[in-house]
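Each of the next two complexes has subunit A plus one other chain: subunit B in the first, subunit C in the second.
Right, the complex of A and B next:
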């Protein structure tokens, strides 16, 4: 007898979608539980790790990579621009913030937002000429951007050349240091998700689905893409701007290839939907720390994990978990 | 009165292929203007050149006395020329009415619908559903709320028209709206198009289905191999020897 797997929405999922969502504590918990677990966990983590500075730093790295992964996921899966040059956003943001801090003497709590916004403006302006490119061509060109920047800085010996520069102000208190990052990450993430769920966000999603119809609707696709790149740059530049104040120096390693590739891996593992990018970073960054014990084999183990995910769980962990949470499966005879 | 759309000497060459060669015609306000021609005669290329999706090699397109040759597609649409696509291009993953919310975000719809200052005709979703209802998406059976990807072809064709209407256009260019539809679906579409025409929208219809087209209009132009063969009353056009040759082959070769 042939059988096939059937997926059915759980009753509680269907009930909590309707206006009766607040009828019972069970349903409220079903809806709010996973979100509050994630948000609460992120907010508590800095306090839990207060006494272990090493893992505290690892947690902050998680947040930084999460920002970059969100930027990638947003551009690739929402707008349809596969940007392989996340390090470009990161590097421009770090140099912008470092220059604002050292040259203008502004404190980190001012230089980070200013660095983020001015960096995002610069990134958007530099990527603008490539926006008509599609698919793999856009990916290749954006991959070149960070590589180009390192060579320009080296060759022209600007911004401290290969040395970079030091003497950047830190945050002072580790609590401010951690919460500044976690709060901005969570706010940015949920604000972006909300924006995309509303009607103005619909226009951005439409560009990926069908840009010809968007054009025929009297909307400039180039302008929508420009806005999207600006939003993604904000995330990437913030990560970079924050990082320079954490480690108090900046150099051409801010444009390193790792910073482009790792976030993509995180987005692949986590799956689409922005929160997946955060989940991916939460798993991937500590994993790569554990793997330090393997020495040079680290990258092999790392690659195997990635390959495993791409082959066996290509939908990403987040989507897998959501499916299990909302639906049950059973075998039925056909 | 000057024509609404004035096309003069329009040519489009793809390398050595002359998809359009020196095509000229006028469309007056309130017309239903039909363009016929066999496969590969350049009908869709002509539409793409009019709406900015392709830049013509030479020639001019004037709309309301303004030169719009080679203007970007979104700018053409903002001036009030909407178009449907022969291969329907809805946003498959979205509910049908959200397909119309997107054009309602265009500057043209914003200005006419008054959304810049709060919205005088209700919010976009309401407007979108109203337009769809006019096009025969039964609100009671919740058709406007169904995902576009699950709708049958007849609805998708009307969804394309809805996307045009959301722009509050002066002209709608229909690229083979009747193709792929059953006789009964066509029969329900014709009164809709007539209604749009009565509302003052100028229609340019590119069609394969001559009988259905001729029930709407008798101003027709025929294309063959990118060149304009003839233009005029539908009965004369269909009797024109060159048109017969283009559709049926010449008598010598039979």
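Right, the complex of A and C next:
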């Protein structure tokens, strides 16, 4: 007798979708539990790690890579632009912030937002000409951008050449350093998810699904894509701008390949849907820290993990977990 | 005269690096981002064959491309077959394979400048008053041989005709009983073997280093994009255009700008004329 697997929503999921969500503590906990676990965990982490500066820094890199992974995930899975050059956003953001800090003398709490916005404007302007491209062509161009920036800075000897800038201001207190980052990450994530749930989000999704119908509705596809790239660059540039002030220097390593690959791996492992990107970064960055002693073996490990996920679990861990949380499976006879 | 000769050598080197990539994409629309890694892999394979297994030089030169071809078959059967048709997954998966190969080689201790292959023919000849070492002539010869061999293969043999059939119209070819999976496997094996052949001819000119893998991948993509992905004539012409412009940049400018020229060429081509120099309308549709 042939069998097939049947998936059915759990009763509690169905109840908590409607007004009955407030009927009992159980339903409330079902809804609030996972969310508060993530948010609470992110908010408590800096306090827990206060006494071990090393792992505190690792946690902050988790947040930095989460920003980059969110940018990749948003562009690839919501807008349909596969951007292999996350390092481009990151590098432009870090240079912009470094220049604002050292040349204009503004403190980090001003230079980071200014660097983020001006960096995002520069990134969007530079990427604008390639927006009509699709699929692997967009991927190829964006792969080239960070490489080109490195070579141009090296060859033309601008922005401090291969040396980069030093003597950038830090934050002073570790509490401000970590909480500013965590707060911006969580708020940004929340804002982006709300934005995508509203009407503009609908149009952005439509660009990925069927851009001809968007055009037929009298909406400019290029303009929507420009907005989307600007939003993604805000996340990427913020990551770069923040990192610069954490480590107080910047160089052409801001455009390194690592910074493009890690976020992609995080987004693929976590799964689509923005939160997945954050989960992926939480898993992957500490793993790569553990493997740091093994030299380039860590790149091998995470590229193999990435490959495995692309082939065998393309939905990602987050979507897998969500499915298990909301549905149960059983075998039924056909 | 010097410009002409060395420019030609440079162009043919680019062609040797790029042709495998172009072939695979042209036949089965699979972007093989592990191409650069296979290039370096076959270099080290030849080195191991000669220095550790003590095979004769000629045997190693043949074995290494075959090993690369085997690797290509593995990549298709294990990785690409499962994600075929999903462009993003194809790119990410093959890129991950390439990264794993390159960084794995680096981790296994293949770094520094102590690895090199001997040239096939030693010595320096003088032609038209320009001194040129024989290995560079081998490169040009290999390029010509490869093009001729491929022409014969794709026009005379059955499997070669099947390759062209799939490239021109996949559904019609499948209706005539050509198995798309088999053809894609052959294409990937052939493309990887071409990377290996390229490596065998070009590696003796320098050291075998892991970084070469990234460079070869970028050069291959640059040549293919400028020429129009999938268009063979375009690939050849683009290799010459880029080869000469690269040579001129080094000769009359700074060698730092060599890479900048390539990258700018890709970006400008995609922005101004997305179908490449010789791309067809059909390809234009899928690009923009």
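Throughout what follows, the second predicted complex is superposed on the first by the 331 of 334 C-alpha atoms of A that agree within 3 Å, B and C clash if a C-alpha of one lies under 4 Å from a C-alpha of the other, contacts with A are read in each partner's own complex, and residues count from 1 in each chain.
As a working rule, a residue touches a chain if its C-beta (ideal position, glycine included) is under 8 Å from a C-beta of that chain, and two chains touch if they have at least 3 such contacts.
None of the values given here were measured: they were computed from a predicted structure.
Asks: Do subunit B and subunit C fit side by side on subunit A after the overlay, or clash?
Replies: The answer is fit.
Asks: Using the superposed model, determine the angle subunit B, subunit A, subunit C defined by their C-alpha centres, to the nearest 10 degrees.
Replies: Computed from the C-alpha centres, it is 80 degrees.
Asks: With the two complexes superposed on chain A, say which partner A:7 touches: subunit B (first), subunit C (second), both, or neither.
Replies: neither
Asks: With both structures superposed, pick whichever of subunit B and subunit C touches the larger number of subunit A residues.
Replies: C
Asks: Applying the touch criterion given at the start, work out whether A:103 contacts subunit B, subunit C, both or neither, answering first, second, both or neither.
Replies: After superposition on chain A, A:103 lies in contact with neither partner.
Asks: Quick one: classify A:220 as touching subunit B (first), subunit C (second), both or neither.
Replies: A:220 contacts subunit B only, not subunit C.
Asks: Who does A:300 touch here: subunit B (first), subunit C (second), both, or neither?
Replies: After superposing on A, A:300 lies in contact with subunit C but is clear of subunit B.
Asks: Touching A:209, do we find subunit B (first), subunit C (second), both, or neither?
Replies: first
Asks: Tell me the contact category for A:264 with respect to subunit B and subunit C: first, second, both or neither.
Replies: After superposing on A, A:264 lies in contact with subunit C but is clear of subunit B.
Asks: With the two structures placed on a shared chain A, what shortest C-alpha distance in Å links subunit B and subunit C?
Replies: Minimum C-alpha separation, subunit B to subunit C: 9 Å.
Asks: Name the residues of subunit A shared by its contacts with subunit B and its contacts with subunit C.
Replies: Common interface on subunit A, subunit B vs subunit C: nothing in common.
Asks: Residue numbers of subunit B touching subunit A in their complex, please.
Replies: Those in contact with subunit A are residues 51, 53, 72-75, 77-78, 82-83, 85, 89-94, 98, 101-103, 105-109, 124-125, 163, 166-167.
Asks: Subunit A touches which residues of subunit C in the complex?
Replies: Of all residues in subunit C, those touching subunit A are 31, 78-79, 82-83, 86-93, 95-97, 99-100, 103-104, 106-107, 214, 218, 221, 225, 254, 256-257, 259-260, 263-264, 266-267, 270-271, 274, 286-288.
Asks: What does subunit A use to touch subunit C in their complex?
Replies: Where subunit A meets subunit C, its residues are 76, 82, 84, 129-130, 132-137, 139-141, 143-145, 147-148, 151-152, 154-155, 257, 261, 264-265, 268, 294-297, 299-300, 303-304, 306-307, 310-312, 314.
Asks: Touching residues of subunit A toward subunit B in the complex: what are they?
Replies: Result: residues 199-200, 202-203, 205-206, 209-210, 212-221 of subunit A touch subunit B.
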